[in-house]
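Per-chain numbering from 1; labels A, B, C and D assigned in written order.
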């Protein structure tokens, strides 16, 4: 996207920041690595594969001197607000360029469709022209979008200093993000247990979900602290993964911006976002609509209460005939 | 059904505890049936453990010439050492070893004049060598022991130093503490400075152990005096789990401190990344 | 620490009750001194406030063999620290919802507000909770298999 | 060489599992792994790499080492039986076969790790040649021939037949025990054609040109002090994905777990990418992610070869390439530091 690169050049030339945090091309046509550029913008890239959420990188970036220009997709901008609210980053030290997003493409889905040995990918409208060592292939990009994009909160940027207006029409059919949660809720407890058992038992405890999460910004995670007695780092027993994922979801409850990174990075494809969305759904239903990261000031639902809050037994009453 | 694997420890029993300083205790350890759990060479280590707490690499402070028991001097500083300090005589622990290499007491060090430089709990591994040398007194030349700690109370094994080492033939003991103290009439000052003041002759071989900052400055001082790195040995510590060079924790460069160390000569360390 | 398991054939549930120091813990005392009976399968853990109960505590109790976990705190409005139990209420509501979502029987967890004067309520609550959990049987879903004898 | 029609693979699997447990690449719930075969398992031999490598079978992610019982002051140590049931691993790719050799160098060197050794002895490894390498593959730069995998038995899936060739005594024994399912392959031209074809494809793969000379010819400290590390590590999240999917990463942690009726000492995979890996009561020798990131690649490309006759501790399987959340990987490191021919 030349527009974005030109804008970045212009902003750097104007001196709004001395470096830019963006996506960098990697080994393959679909590798987009978070990276910081100073004078040389060689390799800076924003396209259908720039799926990584850059907001968490701001924690380290703002510890350095000077101001950093950062490219933000709509879904990532919620993370920035959250981090500002929690005093993890200094608003003064960042300059946010909002970039438009027309959903990102999931390389795993491309590969799962049977395409191997990718050398090059070109995008023409909705068509992905993929050049492989096994010949030329074509795919409709709408078939291989990231799951997180299919049910995102839309194209609104919640925080920015400057915006590159969206000139594309959204032509992607979105699904209701709570659909999968509702499907699970409709199951019997035994079915739900079986579902989660089989999903969570795949966990290899690599901590990718935690380390990528903009809401997981503790200096020292409770699961890394040997003094807590829960610092098990193996998947020695089904209980371990249960506990890790329940507690992690609970720690980010009311703070999770639903950016979907946890599920995207999971090497075992565990639908971790379904845990977070359950909390979001409950919070919305019980305590009123709340979107974490919508702004940088509103108190979160778990650090707030009203006298009239529901009693915990609403859980038992729910779905009872 | 006993299985032979270096990861499987032996049970040992604590047969004596001496409180050396406010935070250091020395433990006598025997096999449950008597005798030592295993034989070792000076400078080697063992993995001590209280099952349920954890396991840690501790240097064996007794000399192999002690045929009755093994000794470990342990400073209270972490989770396991805290728990060990709460043990009593008769309690059982597990040990496995001997692990790592040892000071070359049978080769390079033989016939040499030796200088031992220690700070704080750093005396523990050197004590094994000192007593070994004293028990084989004819094999070694003059022995100088420079030992410093924060206060008089923090000198580990003060009694042994005064009553045994200081009275041994051809042994010079130099003690120092960091700050002046009422009941102290000896030297006051940091070890590195003291070493420089002592004007040691540069044909001696140095064995050194102590906190990293002491090592750093003492090494500088020794080099200034004219010592070469080939003359100076030290013993290191890093986080360890397996103790046999497999778990990867104590890997620095191509070396594993638990297996290729803990004893290194400074010219060897020069070739390794500074990650210790 | 292991919560001991009763090996008798008849199932006796193991219940962990987190009781607020300022109300239900005293309520339990009152139940005792008033000679009210409730089954002895309840292990009471005293906490300074119901909001001290970290979700981890609850999971840990289940891990180590608890069949049911109940949190007792001051009635809303009566918290010794003014607002602690309001926060606890939200947290526990969400946590219980999550446990249910994961397929854990929802009756295994409960929150009850019991004041220091309500010895009878304490005894009745415990008896009722034990009955419920007894019907559910042994907790098998949230259990660490390594802890099984 | 023997062969068997590809639609009779189930027969082969059931014949093998009559005598021994059989592990092979299985597709399950959106993921893949080496798992025990039964008639219901969904075998997938088309997938190039499973998420976790077969190292899990020899060096499990979590493994009990011993149990302690305490009675009063007395401690007793109870160790698991050394004997391991014989098993067969089928469908191991050339890179993974090589990775087991790398693990052998670690665990079978003195002092031998008997936990690993017993499983290694009990295993018969049946490899499967690659027919469709992917862009993330670079085993060729480590001298591995994907079309001619080593192991006890080598197999090829070509033209609707599975071709089978025993390479070792163990392999011969396995072949002998299930002889009846095979027919003699008179014509092996399909295998030869596949080899030719795949070799040509490998030539064209984007990572095939990576060059390791830099790591072979430069001084350890020069590589260690290279300025490139500063830029390379920047995006690293410090998670353990690369380590856990890596077939050669062998670092582990030993921990005690109090079950309430005895203590289990177990070991589990650990990652040098984690900040607590080297943390001591007295401090942290690797203070930032840069040092930890560098350690992992220095170990694979420099330290390990120094101790193991120049053998690298990477086999080019491409798992880290595919699984890193931010798409950092060893290929990038090799290219950034060493460049290309």
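As a convention for this text, a contact is a pair of C-beta atoms (placed from the backbone, for glycine too) under 8 Å apart; a residue touches a chain by one contact, two chains touch by 3 or more.
These numbers come from a predicted model, not from an experiment.
The central chain of the assembly on a C-alpha centroid basis is D. The interface holding more C-beta pairs in contact, when A-D is weighed against C-D, is A-D. In terms of their C-alpha centroids, the spacing between chain A and chain D amounts to 30 Å. Between the CA-based centres of chain B and chain C the separation comes to 51 Å, rounded to the whole angstrom.
Our note on geometry: chain C versus chain D, Cα centroid distance of 46 Å, whole angstroms. Multi-chain contact residues, meaning those touching two or more other chains, occur in chain D at positions 253, 255, 257-258, 270. Counting partners per residue, chain A has 226, 236 as the residues that reach two or more other chains. Shared contact sites, meaning residues of chain C that touch two or more other chains, fall at 144, 146. Of all the residues in chain D, the ones that touch chain C in their complex are 257-261, 264. Chain B contributes residues 1-9, 11, 13, 49, 51-55, 77-79, 81, 90-94, 237-239, 241-242, 244, 246-251, 253-254, 271, 273, 275-276 to its touches with chain D in the complex.
In the complex of the two chains, the chain C residues touching chain D come out as 1-3, 64-65, 144, 146-147, 149.
Looking at the complex, you find that chain D touches chain A at residues 28-31, 48, 51-52, 61-62, 132-136, 201, 204-207, 234-235, 237-241, 243-245, 253, 255, 257, 266, 268-271, 274-276, 321, 323, 325-329, 331-332, 335. Listing the residues of chain D that touch chain B in their complex gives 65-66, 68, 70, 73-77, 79-82, 106-107, 111-115, 220-221, 224, 250-256, 258, 263, 265, 267, 270, 272, 277-282, 285-286, 291, 295, 298-299, 302-303, 306-307.
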